[in-house]
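Several structures are given next for inspection.
In the two complexes below, chain A is the common chain; its partner is chain B in one and chain C in the other.
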Partner chain A sequence: MRRLFKLSLQKPELVSAVLLIVLALVFQMSSNAAFLSLDNMRGILGLLPETALVAVGVTLLMICGEFDLSVGSVFALMPMTMAVLIVGGWPFWLAVLTGLALCAFIGFLNGWLTIRFDIPSFITTLGMMFMARSMTVVVSGGFPPRIKPGEVPSWMFVGFVDDGNLIRASVLWFAGIAILIALLLARTNFGNWIRATGGFMPAAAAMGIPTGKVKIACFMICSVLAGFAGMIQSLRLNSFLPSIGEGMELQAVAAAVIGGTSLAGGIGSILGGLIGATLIRVIDNGMVMSQVDASWFKFAIGALTIFAVVGNAWLRRRGRAMKVETDK
Partner chain B sequence: MKKIKRLAIAALMSTAATGAFSQDPLEIVFTVHSGASNTFWQAVQKGYEDACTKIAANCQMVYVQTDGSIPEQVANMEAAIARGPDALITSIVDNTAFDDVIQRARDAGIVVIASNVDDLEGAAGNARQAFVGQGFEPAGYGLARSQWANMPKEGPLHILVGVSGPGQNWSETRALGVTNFLDEMIAANPDRKITYEKIDSGTDLAITSDRVGAYLSARPETNAYFDTGFWHAGVAGVLRDRGVPPGQVLLGGFDLVPVVLDEMDTGYIQVAVDQQPYEQGFLPVMMVYLAKTVGLAPVNINTGEALVYPKDVASVRELSEKGLR
Partner chain C sequence: MSTPIIETRDLHKWYSGVHALKGVSLKVETGEALGLVGDNGAGKSTLINILSGLHRQDSGEVLVEGQLTDIRNPKDAMRLGLETIYQYNSMVPLMSISRNVFIGREPLKWSIGGIGVLDERKMRDDSVKAIADVDLHLRSPDALVGELSGGQRQGVAIARAMHFRSKVMILDEPTNHLSVKETAKVIGFVKGLKAQGVTSIFISHNMHHVFACCDRIVAMALGQIVLDKPAAETSIEEVSEKL
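Showing the complex of A and B:
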């Protein structure tokens, strides 16, 4: 029992999971039980898969020891590219694949530049953030393309899948992708390589792990997930705007950190990233529901980030210091 | 090396010849408080560039990297003034931050015209010569007054006002116009319970729809939502998902982006205010031309508190898709 408790304390997502439950209860009480109502859950579950997909990609990349600040811009670029191609007469699926291929290329470029020239990914992706946002405006010519409702099979990505109109297909897409990436991280050699590369790259390289390729692959996954999430949001809102996703990169990093991912790399979990993204959405939503001045939203996210990091570090130390009997 | 020298000399002679035989084109810079990805500003830019083409002026539109960043905008204005243009067009989103830089531009003989957003004190606020744009407070007032006709005639009323950009002139003043009208209605109907509340609704369709959706869950008795931008279009999707029929929660806001027109077609949005962004880009350039060529002083132009209803959508859509509205 004590050993189980020790292991639990060292789980990086523990603090945020506890916080999530506590906050959900607080908001449920302060909103006269409206927080967990069907209508409100529908709202949260509409936006959550989109932000969580980005957070999952950023979490994976941070575990690998890198950052991607271009995810918000890629979030806008992919659906804009897709929409422009569709309006130009391309078939839907070809436009989707082209948009995702563009995201993969941006991810590759982010990784290759970072590795090849040995520069911090913070800088590489900061530059890409501006370039991709600019490309979004250029691609659209400044004016959002109009795709009429029903013109594309949006239902495959954002249609409701239950009779109660609560769960959208995007939730299922997200769940499938998150499980796949969690399995990739936990059950495959590639997952071990990611953790080793992020944990201590020289040692990983000395063991023969192709650290450069591992990082580039993570950059590509991160970028593709951001683009896919942007496509889902644009299809859900049936609006292709070049301004979507602004500021999303920092929220994604905050979600990963709140979920216990280490800024130094090597430590973190996909579940943690998901919990972090959920916490951010719950706070935003819950503060409005409880009629707290929403101007405090960013303060709450900032305080939560610091609290989660401090809490995780403290629990990890306590966990390590806890003595348990070993089998004789 | 000789070839490069010959090319350079030829280029210089060509430039000199052009200057000798034609009047120098006007140099105009337009600095705005928005990032380039804001759809609204692309229509302004189109009007601006079309006007510049007509008078063969050298024009540059300068956006900020961080949407709404006043320091960045001031820095862009400083850089523009350093180049010594003939005219500076700018949006004045703060009542004091631009006073000094505008005064210096005027002292340097540069024509300065405000477009889109003006100092709340108008001409008394700084040295700009004219304002081309919407009167935000009357526009907000007009929006609320127009939507009032669709409100239930009896029983209590609760209204939500979304301030898209808290602290920014354009958003706060539009919201003020809305709430001024609501205050008048509260005073005029002492026997009726009429309440309203303001929230930070954000400038992103997804965020606004989530926040307003949460609010509607907490206050299901809400009758109407006013947005100070076009982000109420996202709320229409929330209402549709919840099975709320069009008209049960009234929606109104500003600017005619395609998604707003779509939701007017569905009946979820009853009224929108158009401020003619194309004119806000086009007309200041014409004023600069008149000021510099024949000495006519720039004048204030109100580009609109035009109210657009669902019946107008078909005619407006064509212009909107061309970037003219």
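Showing the complex of A and C:
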């Protein structure tokens, strides 16, 4: 029993999960029960898969010990590339695959440059953030491409799947991908390598793990997820703008960190990233619903980020200090 | 005389202009416990890094069981049965004992292209058994390695090497940063290896530790071997003088 308690104290997503429940209840009360209403849930569930996909990718990469600031730009570049190709006469699916391949290539470049020249990924991806954003504008040619509704099968990604018009296909896409990535991290040898690489690289390398390749793979997964998320958002809004996803990179890091992921690598969970992203959306939406001045949104996210990290570190220490026999 | 399990011939290594190994030729016989001593910068670690696949020699040959081999990375070394245990580098503190035991060599239920699903039950059961085999008793394989003492960590690392049936165990300063009691434990582990027929190379700059568990002493200074004698025929004083 004590052992179980100790283990749960060391769960990185614990603080944020508790906070999420508390906040949902608070907003429910302060908004006169409008917060958990179907209409409002529809709004939250529309936007959530998009930001959460990015957060999941960034979480995975951070567990591996690296960082990606270019996700916001890739979020815009992928749908823009896809839209321009479709307008140019390409079939929808080929345009999607080409867009995702471009994201994978950007992720590969991020990783390869970081490893090959042994520079901080903060720098590599900061550069890539500017470059990818600029490419988005260049590709668009200054005029956002127009795609008529119905011309592409957007329903496959953003159409409602239930009669109550509550859940979009994007929620299912997200759930499927998130479960896949969570299983990859928790149940496969590759997940073991990711944690070992982020946890203590010299040991991982000495045990023969190809740490460079593991990191590059994580960079690629992160970029592809960001691009895919951007595509979903663009299809939902049915507009392809070069400016979407700005500021998203830091929100994704905040989501990961709020969900218990360590900036130093090795600690974190996909569920945590999801909870973190949900918390950010809930705060954004709940403040509006409770008629709090929305200018306080970023303040709240900032405070929450710091609080979550401090809280997590404290709980982890408490958990570790709890005496449970390991030696007979 | 039987074929030495490891033989190096005239190994040379330069590190950015420094001649770190100047023609090292060494034979390690099967089953012996070899103590490798020397001051910092004597070339011990360079020699070990070559044998464990972290670095490659600039010239010279390495033979394992009489076969000329090319150790390009740690995986190669492990495949040849050479396992290295570093002073604190061989475990990820944030991961559980069972995960650490199988890092890089995870048993899989099924896999596609080398990536697959872990057989976690086997990992747990086997690591408990492996740890018990080296006379270390830990209650749970799910405990984090970071919660273990330094001596226990070395015990787990040795258990890991034993589990994978390593032929040669290279222990790089395993007693650094350990208390007297823990050091005694690690020296006990090394003695246990000999009893099980595993060859070991014990690197340390603490002569007492080396003399406590090795039957042959090799001393290095300035990238060369300066002394190579059975432990019974030399003394701490003689070795110290050579360094």
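Simple rule for what comes next: the second predicted complex is superposed on the first by the 323 of 328 C-alpha atoms of A that agree within 3 Å, B and C clash if a C-alpha of one lies under 4 Å from a C-alpha of the other, contacts with A are read in each partner's own complex, and residues count from 1 in each chain.
Here, a contact is a pair of C-beta atoms (placed from the backbone, for glycine too) under 8 Å apart; a residue touches a chain by one contact, two chains touch by 3 or more.
Only a predicted model underlies this, so the values are computations on that prediction, with no experimental measurement involved.
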Practice problem: Sticking to the clash and touch definitions up top, decide whether chain B and chain C on chain A clash or fit. | Solution: fit
Self-check item: Angular separation of chain B and chain C about chain A, which is computed from CA centres of the superposed model and rounded to the nearest 10 °
Solution: 140
Quiz prompt | First (chain B), second (chain C), both or neither touched by A:Ala104 | solution = neither
Quiz item: Between chain B (first) and chain C (second), which does A:Thr188 come into contact with in this model arrangement: first, second, both, or neither?
Solution: second
Self-check item: Partner chain in contact with A:Arg320 - chain B first, chain C second, else both or neither
Solution: second
Exercise. Check whether chain B or chain C contacts more residues of chain A in the superposed model.
Key: B
Quiz item: Which partner does A:Glu50 reach: the first (chain B), the second (chain C), both, or neither?
Solution: first
Exercise. Based on the superposed arrangement, let me know which partner A:Ala204 touches: chain B (first), chain C (second), both, or neither?
Key: second
Exercise. For the combined overlay, can you note the least CA distance between chain B and chain C, rounded to whole Å?
Key: 36
Self-check item: Touching residues (chain side chain A, partner chain C) in the complex
Solution: 3, 187-193, 195-196, 199-200, 202-209, 266-267, 320, 325-328
Self-check item: Complex interface listing, chain C residues touching chain A
Solution: 52-54, 73-75, 78, 84, 86, 89-95, 99, 102-106, 108, 111, 115-118, 120, 137-140, 143, 146-148, 152
Practice problem: Mind listing the chain A positions that touch chain B in their complex? | Solution: 31-32, 34-35, 37, 39-40, 42-44, 46-47, 50, 76, 130, 133-134, 136-137, 141-144, 146, 149, 160, 165, 233, 236-239, 241-244, 246, 281, 284-286, 288-291, 293-295, 297
Quiz prompt | Complex contact set, residues of chain B against chain A | solution = 35-39, 42-43, 45-46, 65, 67, 166, 197, 199-200, 203-207, 209-211, 213-218, 233-234, 237-238, 241-243, 257-259, 262, 321, 323
